[in-house]
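Have a look at these structures, which come just after this line.
After this come two complexes, each holding chain A, first together with chain B and then together with chain C.
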Partner chain A sequence: MAENKEEQLKAIRKKLKELLVSHLSLEDVVPEKIKDDEILFGEGLGLDSLDAVEIVVLLQRNFGLEVKDMSQGRKIFYSVDTLANYIYDNQKK
Partner chain B sequence: MPNSSSDKKIAAQKRGNRLGFWFFETLLKFFGLRGAYALLYLVCLHYLLFDRKAVANALAYVKRRFPGAGFFKSRLEVYRLFISQGKQLIDRFAMISGKTKFDIQLKGYEQLKNLLEAKDKGFVLLTAHVGNWQIALTTLKKMAKPVYLVMRQEDNAAVKESLHIDTQDTLIRIISPEGYLGGVVEAMQVLKEGNIVSIMGDRKYGFPAVEIAFLKDKAYFPFGAFSIAASNNCPVVVLLSAKLGQNKYVVDVSNIIYPRYNSSKEKREQLKVYVQEFADILDKYAQTYPYQCFLFHDVWNPD
Partner chain C sequence: MYIAGIGIIFNRGRGLASLEKALTEGWVNPNSAYRVPPEALTDKAVLKEARRADNFTKMAVLAAHDALADSGIPEEEKQKLGIILSTGFGPHVTTFSFLDDILTYGDAGVSPTLFSHSVHNAAASYIALNLKTRGPTLTMTQFADSFQQAIILAQAWLEEKRCAYVLVGSVDQCGKVMEYICSQKLKVAVDGKIKPFNFSKNPESVPAEGSAFFLVTNEAKYNKYCAISGRPFPGDKEEAELLILDSDGMCGDERPYGSAVENNVPLTAYAPVFGSLPGLSAFSTAAGALMLKNGKIYASPVQENPHGLNILTARQTLTVHKINCLRYNCYLEELVIRLRRGAR
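Here is the complex of A and B:
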């Protein structure tokens, strides 16, 4: 089960990185270069609020997910890893 | 929306105190609008002479709206701006107290009604530091839909109490731009639920901006409202108001912008055209109502 979960998380992380690169204004960044635990906003990948809008849309269109509990926002949007975990946990339901 | 994920408190200079507001309230009670207005001439003279920062902020606009004005003429225009804004604050105060009746014309409400009927989709209400946006919002109560204002919580207790910004109406709610990602995720969600999100379109407050032309000079306006609207496939309704006479206002919602992306590339560049459209609307407003543009901020400074 644990291995299966890790496989799925790995696939989600890969897809997320590809979507981030194709939809956000990331210059000279390839999906493979984004670290799983790299901070997305501000320092790290350096995304801004326009990118946040895009990520919200990406979650809706590609994973059918909405972020309704804003108290969880900081935790969810922290890195590719945290986003992937959110997708994994909520797609299962 | 802020570039940084850190929740930096957006700096704001505090003007006005409880005693001052009490004084205006008392004048309003005993002498009506004219009595309260009369005191403004002294108060504004004080700001003109001693509040260098306020004057400098106003001059950024005055220099561009009144090109060629010399030292004394430009200060006179600043003084007129201060008085004009003071009058509108008193009007707002008088309106809330219910003691003074105002004649408020609503321009463009028919178009807005069509948008309001689309129950499953909200829209962005784009405002600016012009006219009396508090009166404008109060007028739109008849929309009977929750309006989420993306604005700092007023941290000057005296101003907050006197203007009843977030206590007067349960349909008006606040999304703080000081929250995580400038409240953008929250704004996206409430729009999706069919509500209205109101955003100030003429001040960056640390949010990403694009270069546009405003009053014949390069200026920098934020594009957050347009990116939210484009991503949600919803329109941007420009909300403006202007004082036409002592007890008369017009609230204008006739300008509607439909931001859309043509491709997934260079989205910021694509939004620029819509931000310019908004700036052109404000430019026209400034030509018509030169003493009702209360920017008090150097929007022409890229920093």
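Here is the complex of A and C:
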């Protein structure tokens, strides 16, 4: 079961990285080079508040998930890892 | 007013060297449309704050940046700079993407960034951001007259001393939807060749994209190319020594061009180099200004001459000082941009 979860999380992380690069027009960023625990905003990948809004749209379009509470979003959007865990937990419900 | 700098991006590349090369080489078959090559839009230094921008904006930013750089206007003078962007269709590729997303994902699932870039003035705002200017910034849209109207406004701003310099230019993009619309509404040249001297009631066109910008000023010391004399109002006639016809098949009936060239004035037309687009007059103006500066006249790229006109057939040393760029809009109104070597 745990193995299965890790495989699914790995697939979500891979898809997320590809979506972030294409959807946010991240020039010179290769999806595979984004670390799972890399901070997305500010230092790290350098995303900004406009990107946060785009990630909300990205989650809705590709995973059917809505993030309405932005204080919750702060934790969810911390890294690819936290985003993937949020998607895994909420898609299961 | 005087042209102090020019920036251009079109199907044959970016910059004045590309323009000169294209005018020298003449017509090259564009296939279905005259598109800006993707590699011409990858200047990371200029576009560093335009990550989210679409190609419409990127073309405009690059051409405006190059026009300012070409002018040599001192950095501190940039605060006296206004921006006027003219366009026939605006960022329609982004607008259609936005509409497609509404249909696909519903109104809650569309990208806010896409929406903010679908408005006409986004590109002009990007230019102001890129150049860090704080002067008046405006977008002008009047289909085939857009560039002429922008010129009139630039003249007014300079005369009112609202600005000391104006970046005035044109940008249009050719997306798949536009190509389809052209194929349905216009007669597209199956051989990819615009025939500007046919003066047909139902002329052929080939859709195009690109951007041309000019740094204009009333300061004679910055005159690097030529002056733009008078207003391009319909009916304001002044003889020229060379006429550039903007007969590109975009505005329908081109028979009025025939009556405008009765007095054997030498003719040329560069639509076969730039393609058919609402702002063609901006590109012709760039060609005319370059010719006046360099003292060379470039042969008409297509020389099919069914009416036996006085068409330029070879590259010549320039002996003219007055070039008129002539456009008839969709209402068959005559619009003339008068380029004059030396003083206004």
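One rule holds in what follows: the second predicted complex is superposed on the first by the 90 of 93 C-alpha atoms of A that agree within 3 Å, B and C clash if a C-alpha of one lies under 4 Å from a C-alpha of the other, contacts with A are read in each partner's own complex, and residues count from 1 in each chain.
One rule holds in what follows: contacts are C-beta pairs under 8 Å (C-beta built on N, C-alpha and C of every residue); 3 or more make two chains touch, one makes a residue touch a chain.
Only a predicted model underlies this, so the values are computations on that prediction, with no experimental measurement involved.
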Touching partner for A:27 - first (chain B), second (chain C), both, neither: second
First (chain B), second (chain C), both or neither touched by A:3: neither
Contacts of A:42 with chain B and chain C, given as first, second, both or neither: first
Contacts of A:61 with chain B and chain C, given as first, second, both or neither: second
Which partner, chain B or chain C, touches more chain A residues: B
Partner chain(s) touched by A:50 [first = chain B, second = chain C, both, neither]: both
Residues of chain A contacting chain B in one complex and chain C in the other: 23, 25, 50, 53-54, 57
Chain A residues within the chain B interface of the complex: 22-23, 25, 39, 41-42, 48-50, 52-54, 56-57, 66-68, 70, 73-74, 77
Touch list for chain A against partner chain C, complex: 23, 25-27, 50, 53-54, 57, 60-61
Complex contacts: residues of chain C adjacent to chain A: 44, 51-52, 105, 108-113
Contact set on chain B toward chain A in their complex: 1-6, 179-182, 184-186, 188-189, 192, 207-208, 223-224, 227-228, 231, 264, 266-268
